[in-house]
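Some notes on the structure that comes next.
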Amino acid sequence: MRFFSDNAAAVHPRVLAALGEANTLDTAYDGDRWSKALDGQLGALFETAVRVLWVPTGTAANCLALGALCPPWGGVICHRDAHIQNDEAGAPEFYTHGAKLMPGEGAGAKLTPDAIAAVADAVVNDIHRVQPHAVSITNATEYGLVYRPDEVAAIGELCRARGLGLHMDGARFANAVAFTGASPAELTWRAGVDALSFGFVKNGGMSAEALVFFRPELAAETLRRRKRAGLLLSKGRYLAAQILAMVKDDLWLGCGRAANARAATLAQAGASRLIHSVEANEVFLHATTEEAAALRAQGFDFYDWAPGEIRLVTAWDSDEEAVARLARAIGAL
Amino acid sequence: MRFFSDNAAAVHPRVLAALGEANTLDTAYDGDRWSKALDGQLGALFETAVRVLWVPTGTAANCLALGALCPPWGGVICHRDAHIQNDEAGAPEFYTHGAKLMPGEGAGAKLTPDAIAAVADAVVNDIHRVQPHAVSITNATEYGLVYRPDEVAAIGELCRARGLGLHMDGARFANAVAFTGASPAELTWRAGVDALSFGFVKNGGMSAEALVFFRPELAAETLRRRKRAGLLLSKGRYLAAQILAMVKDDLWLGCGRAANARAATLAQAGASRLIHSVEANEVFLHATTEEAAALRAQGFDFYDWAPGEIRLVTAWDSDEEAVARLARAIGAL
Amino acid sequence: MRFFSDNAAAVHPRVLAALGEANTLDTAYDGDRWSKALDGQLGALFETAVRVLWVPTGTAANCLALGALCPPWGGVICHRDAHIQNDEAGAPEFYTHGAKLMPGEGAGAKLTPDAIAAVADAVVNDIHRVQPHAVSITNATEYGLVYRPDEVAAIGELCRARGLGLHMDGARFANAVAFTGASPAELTWRAGVDALSFGFVKNGGMSAEALVFFRPELAAETLRRRKRAGLLLSKGRYLAAQILAMVKDDLWLGCGRAANARAATLAQAGASRLIHSVEANEVFLHATTEEAAALRAQGFDFYDWAPGEIRLVTAWDSDEEAVARLARAIGAL
Amino acid sequence: MRFFSDNAAAVHPRVLAALGEANTLDTAYDGDRWSKALDGQLGALFETAVRVLWVPTGTAANCLALGALCPPWGGVICHRDAHIQNDEAGAPEFYTHGAKLMPGEGAGAKLTPDAIAAVADAVVNDIHRVQPHAVSITNATEYGLVYRPDEVAAIGELCRARGLGLHMDGARFANAVAFTGASPAELTWRAGVDALSFGFVKNGGMSAEALVFFRPELAAETLRRRKRAGLLLSKGRYLAAQILAMVKDDLWLGCGRAANARAATLAQAGASRLIHSVEANEVFLHATTEEAAALRAQGFDFYDWAPGEIRLVTAWDSDEEAVARLARAIGAL
């Protein structure tokens, strides 16, 4: 019974079926009809004109976005616990040719306008310092917290005022939308987001994420960068088909809701142990070494986050019976 | 009836089935049992210890290999018509942090030891010139010619003598093995190849190529580079499963043979028009604009290579009836 | 008696004196009064508004210019014998983050619009090919030939028509101006040049070259790149002072004329042996191994360019008596 | 009366004289006899075999050293107030092709083994995190504190134990040696330092710093990197001559002592206002806006470091009378 991470979950049957349906000859790269449908389908979802590039990983989506928003000699303000800072092995620096990540503070890996301003204001505006060019936030955050539309909008306003681009790492965007009830548009471009890494792999996809540009002019260069990074798969239709399957009938949102609901069940069971509010599909609990061992002895698999802390992650396919058993086990600790 | 390129062919049913079989929860990235089986399975195929990394594109495989064999201040000797020189949008320069491709000459995109030595000898060995560090050859070449084991070995010997690494771009390695009848070992490490981009996507795969290191010590850094390039898919098992399916019962070789046989049929029909020998799955023919139009009018799709030249490419799934009709149409020109 | 290269000549006494005059406390970096005078002084020389950055080497000037004119995923068309292609050890690739040099052909290292168009036209305009973004020409060329104003203008016109930036490597710009009698303006911005590496080190300077932007908007980013490359000397006044001393009373032009005149003397003596016209300060002669040895036996030092070819380079400070002796020796071969 | 920074001080007359003495024709780049003397002269000073490269800036020295000690996918632990982190505009990232600086804590910009271990220990050793490869310390620090030999040795021991390279930014190395009375060897390689940026520009030089490798095998690649960065001046003898003049008769040490002594005078006068111990040539004082204005009204120029804090920097050539007047003015506040 695995609560280790959502990134190893199974692929949704409808996504798998879409691969089979795409298994006919078509044009290579992104000239096929699936790839060509992305702008329209995601434009409808986001209620605005967008340019969409499929990529095989969230890291690729994030780092292509950063490359579009920040020159090699610039900086990107992000949370010190951000995935781009800690879990991408220097990919942001690789893709931007050496831009500098500028870590900010905030509970639960969440940035605020004040936290961002604090980072930016500490940078003397002279030729000797790397100047910030963009902000990157993660929604839902690495600790399972969710930015509400007005929180994103406040950051977006600061970015516009200071001439900073705004990127959203949406590896768990579905969970954030599910939690807030906001529309995808409200959580992104209406709040000032320029580029979104729209994640599917943690949410039922296999190998396709969507990089969504709300400023379509950013796409042209990024198409070249994607190719130059070895990311332009010749059979792109199999990536596009995954995304289209996830978008169709809001499968992505249903999967996000399912994961959130299972996390809520665990959060309720461990209410007295919660380290962070549970707003998405991650549950961080205080648990002693013995307690963690006791849970493992019952067959539950999860991540030891820090001494005395464990992380439980649910996914679209977390078995409801397993969730219920884990909830009971937590309650019984 | 499409003879445009092998890179848009359908996915082999056994590969597609393998995706379904891999659709269970397992460890993320390359910790799963499919990924872990690659070294062993490909080691058996190549009759030596290898380290294998899955990647989603041939460009990624090539450029990670070049990065392992050449520092940023070095050069890579390749044919002037090589894919890495002309068709990867600067990915070699991106992955190597600015190494220089040093193009050499040779009929049919084939390099010889003499051609390589000519490039290397033209470089004064001083601090002002970029010095060559590696050689990259493509087998089968971009024009459908095949290096025999002794031809590779002659190049390998030159590389060893001069301290150059040797990479083989095997996007069509299956076609080369099928043509020569040589073993995979004879065409690679026994002939001095250090790293092979073993292609599957043009040959029945969907989104997985294998980067095979015959010098296993090159793998450690490359694992970090793969991650840093945004290429470490979290559900790597779906890539590994494709490769394992292709390797099982020599499916890859059967597909390569099938494509070659279809090309041979076309070559025979167009024998008087051949620009290059047909040794793999590509057929380059002299054809006037009117002749090309006449073929298109009969429903055949292909690439106008240059004025008066057309390229026909077969694949594992080229319809035999369509091939026969095209052969007749060529003969009737 | 050294005719090996102009790059090791002595520093002109007026330049050395300028260093002493600058040896008072002032503001660091480029905030001092010498540095601040550059835009005005060179603007007067070029009869237009310019932005000028001092740098310590011609390679730095060239590569900062290329970085300003070409993105990492672009290409720069240059002659296959260009300094940036052969003698800068990959600095163009380093500074541009991996842009591709695209070598063209032409006698005496000179490009023509046709030669440039031939390179550009060979690049299919698709996502798989690196696209040209700029052209770089060297005046005087690496073989001592000089582009006339109308020749530069023809290239400038082609660049404008195709949206390509135009850089001039003017390591020997003084020699080119001296030869043509054209004004600096006519040879550069009036002919479409966007950025000039204005060389002084080969012409009496010590350690300062001027990167001159005729499109002033290119300077802002380049100021950051210069710092980021470790090229912003804290005591920049000693570089600016060198440039100002060279510009004052057209010292640069006088030095260029002197070097050209000495080369003309040698060219006259070796008229029957000339490989290239002698238009600047370089003389390439046919000479057998025995003839070269005979010259060396008389105390002359020079470069063996290729089998049967020698290169003689004069400088502002070439001893006239030594030049006369060498001329006699050549005539006596 | 300027106490703004040591980086704009005048050039020592003996250095200027050395430029005149070097003003004869010699071989270009680093083939001249001055450049060739560096290894020997600095080897004698450091009492061990060294490889020495001249470069025009401290940033270049630092970043070439980091490039030699850390791959693009690695990290460099430094103090969060380090020059490489804050004042080099991303040059470390440029030269290393995107390595990550990992800032640590410590009073007065000084790192301890514990502080370094804290940074390193926070990095999970997996494929997703950038791993530290080197440590960089500044001696004297950016706040004018000095690492003693045993303090460096403790860091050196930690580095050896963990396989980390150790770089010392010695922009003010003379001040550190002058303060400690230790030998250059004791403060560097005997304490585990692999590479030293030996600064002269703040201490009487004009445009030459020495990058000193105590692991000579690091030099070969760095020679190529120096050229590739546009840092290989063709008239290198004028840089080498500066360094030789500074080393001769320990001019560098005398200049460092002179600067330290003047700072000590100021420190004594402002003893009750000191923010940091004054061990080198920088004096950080608490001073209100009004007090700072009062000093400026008397003709003293300095840097407002932070609200309520000012920085006074002395140099080898700080006028003693001006120092005395400033000391009195501080005492009278």
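In this document, chain identifiers A, B, C and D correspond to the written order of the chains, with residue numbering beginning at 1 in each.
In this section, a contact is a pair of C-beta atoms (placed from the backbone, for glycine too) under 8 Å apart; a residue touches a chain by one contact, two chains touch by 3 or more.
All figures in this text were calculated on a predicted structure; none of them were measured in a lab.
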From chain B, the most remote chain by mean C-alpha position: D
Pair with more cross-chain C-beta pairs in contact, given B-C and C-D: C-D
Inter-chain centre distance, chain B versus chain D - centres from mean C-alpha coordinates, in Å: 50
Chain B and chain C: spacing of chain centres that average the CA atoms, whole Å: 42
Chain centre separation in whole Å, for chain D relative to chain C (CA means): 34
Where chain A touches two or more other chains, by residue: 72-73, 88-90, 94, 97, 127-128, 224, 227-228, 232
Of chain B, residues touching chain D in the complex: 29, 71-73, 97, 127-128, 221, 223-225, 227-228, 232
Chain C residues touching chain D - in the complex, by the definition given at the top: 2, 5, 7-11, 16, 19-20, 23-28, 32, 55-60, 62-63, 88-91, 94-95, 201-202, 206-207, 224, 227-235, 238-239, 317
Complex contact set, residues of chain D against chain A: 72-73, 86-90, 93-94, 96-101, 127-130
